[in-house]
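Two complexes, one shared chain (subunit A), two partners (subunit B, subunit C).
Coming up: the complex of A and B.
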């Protein structure tokens, strides 16, 4: 096989992969944008019949609440765990911690949903609720946040930390004066990616945190919410109702835009170098 | 204070792992006790007649993942080779952005695309009664795992030092020879991790598969018939967990599906991370 043939073959094999992102995105926009307008996003959620409620803001707030709750719960544990890894853990503890995180990364989201259903919904009697969804999503993003923080701390030059130690700084001061200024873009990148992940997970909240309709703003953390992800799932199956499918496409556009904004700000942040 | 926070976090991580696995085992225990491991080889799943055989779903999961990987591996590798070895800088970062975009699309949106674009296409082109089948699930999964394979392969290829490339070139190796003899073998650990992660993702993916697979508990007949509605482990859990009562045998059987799935994917993930570099893992 000569060189030119090999290159042509590679390009032909690669072409679908390189074109797919654009095709998928354009198709989603093409289907969703016509159905999307101001009234649809922020209109009244009252008075419409089941399955054809046209306002999306309850779903958007539900998704955002789940996402924010998950981050607020997961971030302190993840950062604390990473600091434990960097400051206090023995070599063996470090290996165990990383091993556990890799184990958690491997578990499919729906299994987290199952465990949340047993422990939170049934055993703790939280019911199908916002808090249940937040905790489940927090556990799902915990390993990626923790691994990311560990990497962020590891990338700080050893000399700096040693110099800070030599100057007599305490651990707390080293974190605040040396590590945070150097590592904040990386930490924030991880957090943004975690938010994007929490926003796009559907299966684990489907039967633990969300209902199809009827909730505009949850009364407390113990009441269920509606979310964009599950809204798309329910409406996609309404084959007989063309309007429902249109709304599903519109919701998909909103969801994809939210996730894309988060992940693109993450990759923009990644390029920042702090000196 | 700092010390307390650090140690509490580490203990929480440990507790999460133990609780997760512990409750999966505990809740599925009645199932294993009554039916034993022989149910892995029984195909009948009729919850109302207390028949809980797992084979149909296991075969479904296996086929869907196999189709996904057999499409995504060649395409993803070729795309990675093309973007690192053929394309110039700005095109390379464009293809990278495209992959990040593809990876960012939530699985339920892929399900929507599959249900309303892929299924009608399959139905009309293959003349089927319904497009719901394992082939559709596999095709959809191949798009979903493509970014994992491509990004990991791209990282592995671009980490090879330019000295290696120069040395290969100065030996008079042609482009394809260099690729097969130097670049791919060097990048193999990274590529292998990418493939394993993609396999884990394909096995564990729920929403997209659930929407297109048809959710029929039948063993494909004959076993390579991919054009009939079928079931995977994840789609079974997703479809039936809402209607099974907490504490019933049906619930325990679904937990057993979850435990089986988690055991396989955890093994795959630990294998993938065994020699993989942490940085690339955190990003996927």
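Coming up: the complex of A and C.
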């Protein structure tokens, strides 16, 4: 096989990877954008007893609250775990920690949702609430954030850390003056991807945090919320109702745009890291 | 003063310093270390005088670099006794970090921080000291490391723009900024060009006149040039130690003779 044939073959193989997401994205935009307008996004949510006639801002708010809460809960634990891995863990503890995180990354989100429903909602009586959803989403994104933080620290040149130790810098100073300045773009990139993941999860929040309608703004963290993900899920079941399907497409556009903004931000930060 | 003259003066000063002062800056007895169940260092004992050059020489894999890391407490799982300035390092006042500031360690490959040359010099100082440090102090340590002339007009340039030889001298200046009681160097001129090598050797000899310097090398010619006390290691054992002139002229052990002849040693 000559070079030209090899190039053509690899291009043919790569084509579905490029085309499929592009076609999906274009179709979502094609169906969703005509249904979107200002009133649908930010109109009144009062008096709405059924999701298909409400504005989308309560759902956007719910999704963003769940996402931010999950990140606030998971990020310190993930970064702390990465510091333990890098500074204090024995070789055996490092292997166990990484093994556990790789295992947890692979567990289907619906299983986490089920655990949240049984343990947090029923056994601990937290109910279907914003807090329950945040905790479950935090557990889902934690392994991803921790692995990303470990990689970010591992990428810092060993010689630089050793030089700092040899100069008598304490662990705290090494973290603050050597690791954080070098690793922050990678840590932030991981956090943004974690946010995108939290924003995309449907099944766990369906079980633990959301109701279909009737909530514009949660009274407290113990109140349920509505979210874009579950909104789309409910509306998609109303296939006979053209208005519901239109709103589902519009919701999908908003969700895709939010995730895209996060992903592009992560990509931009990666470029800073490279430079 | 040209570099050769500096080397000659340095050698003269350190020889007289060793003879004049028989006190010890570092005493090591029975140091052994295992890593992952493998013995790396076995029952090492030696002492360093208060001033002067000391060369830790031996083939690759002898445990020289590991020994330096033990002296600086980067490895802490060793067994034995180590006293620096008559203080047990395990009970060093203010702990291991304070000891590391007192015992400067310069690695084989220069590792600078992504900031300016001046900021790199003062990187090891505490926050208050960094703010109060004078330009004169920065100049003094850069002069001691034989780097001042090359960087005096660009102290605020990125340190990573320096050549490798200059980076290594900046690492020496960075360690000197902490006013260490002794200096440990792990093959500081490996993979440097002859000119940089000569600069670093000259500045080490000047420093050895005021403090103990322990320099790891497997380069026999460099060890001859630097002189002082030789400590010859092979396969984790200390084989022979003594004055460099005697060691190179009349090595006592067969392993030493073999190493001086072939630069290898088979004592396992």
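The working rule: the second predicted complex is superposed on the first by the 254 of 275 C-alpha atoms of A that agree within 3 Å, B and C clash if a C-alpha of one lies under 4 Å from a C-alpha of the other, contacts with A are read in each partner's own complex, and residues count from 1 in each chain.
Basically, contacts are C-beta pairs under 8 Å (C-beta built on N, C-alpha and C of every residue); 3 or more make two chains touch, one makes a residue touch a chain.
The model shown is predicted, which means the values in this text are computed figures rather than measured ones.
Trainee: Quick check for you: in the superposed arrangement, does A:22 touch first (subunit B), second (subunit C), both or neither?
Mentor: So A:22 only meets subunit B here.
Trainee: Thinking of the overlay built on chain A, is A:122 touched by subunit B (first), by subunit C (second), by both, or by neither?
Mentor: first
Trainee: Quick one: classify A:110 as touching subunit B (first), subunit C (second), both or neither.
Mentor: First partner only.
Trainee: A:168 contacts which: subunit B (first), subunit C (second), both, neither?
Mentor: second
Trainee: Does the superposition put A:257 against subunit B (first), subunit C (second), both, or neither?
Mentor: Touch status of A:257: no partner.
Trainee: Of the partners subunit B and subunit C, which touch A:11 in the superposed model: first, second, both, neither?
Mentor: first
Trainee: Residues of subunit C touching subunit A in their complex?
Mentor: 72, 74, 97-101, 104-107, 109, 111-114, 123-124, 171, 174-175, 178
Trainee: Report the residues of subunit A in contact with subunit C in the complex, numbered from low to high.
Mentor: 157, 159-160, 162-170, 177-178, 181-182
Trainee: Could you list, by residue number, the parts of subunit B that touch subunit A in their complex?
Mentor: 1-3, 5-10, 12-14, 16-17, 19-20, 23-24, 27, 74-76, 78-79, 81-83, 86, 95, 97-109, 111-113, 115-117, 143, 146, 150, 174-176, 179, 200, 203-207, 210-211, 234, 237-238, 241-242, 246, 254-255, 258, 261-262, 265-270, 273, 278-279, 281-283
Trainee: For the complex, give me every residue of subunit A touching subunit B.
Mentor: 1-3, 6-7, 10-11, 13-14, 16-18, 20-22, 24-25, 27-28, 76-81, 83-84, 87-89, 93, 97-115, 117-119, 122, 139, 142, 144, 146-148, 150-151, 154, 171-172, 175, 190, 193, 196, 199-203, 206-207, 229-230, 232-233, 236-237, 245, 248-249, 252, 255-256, 259-260, 263-264, 267
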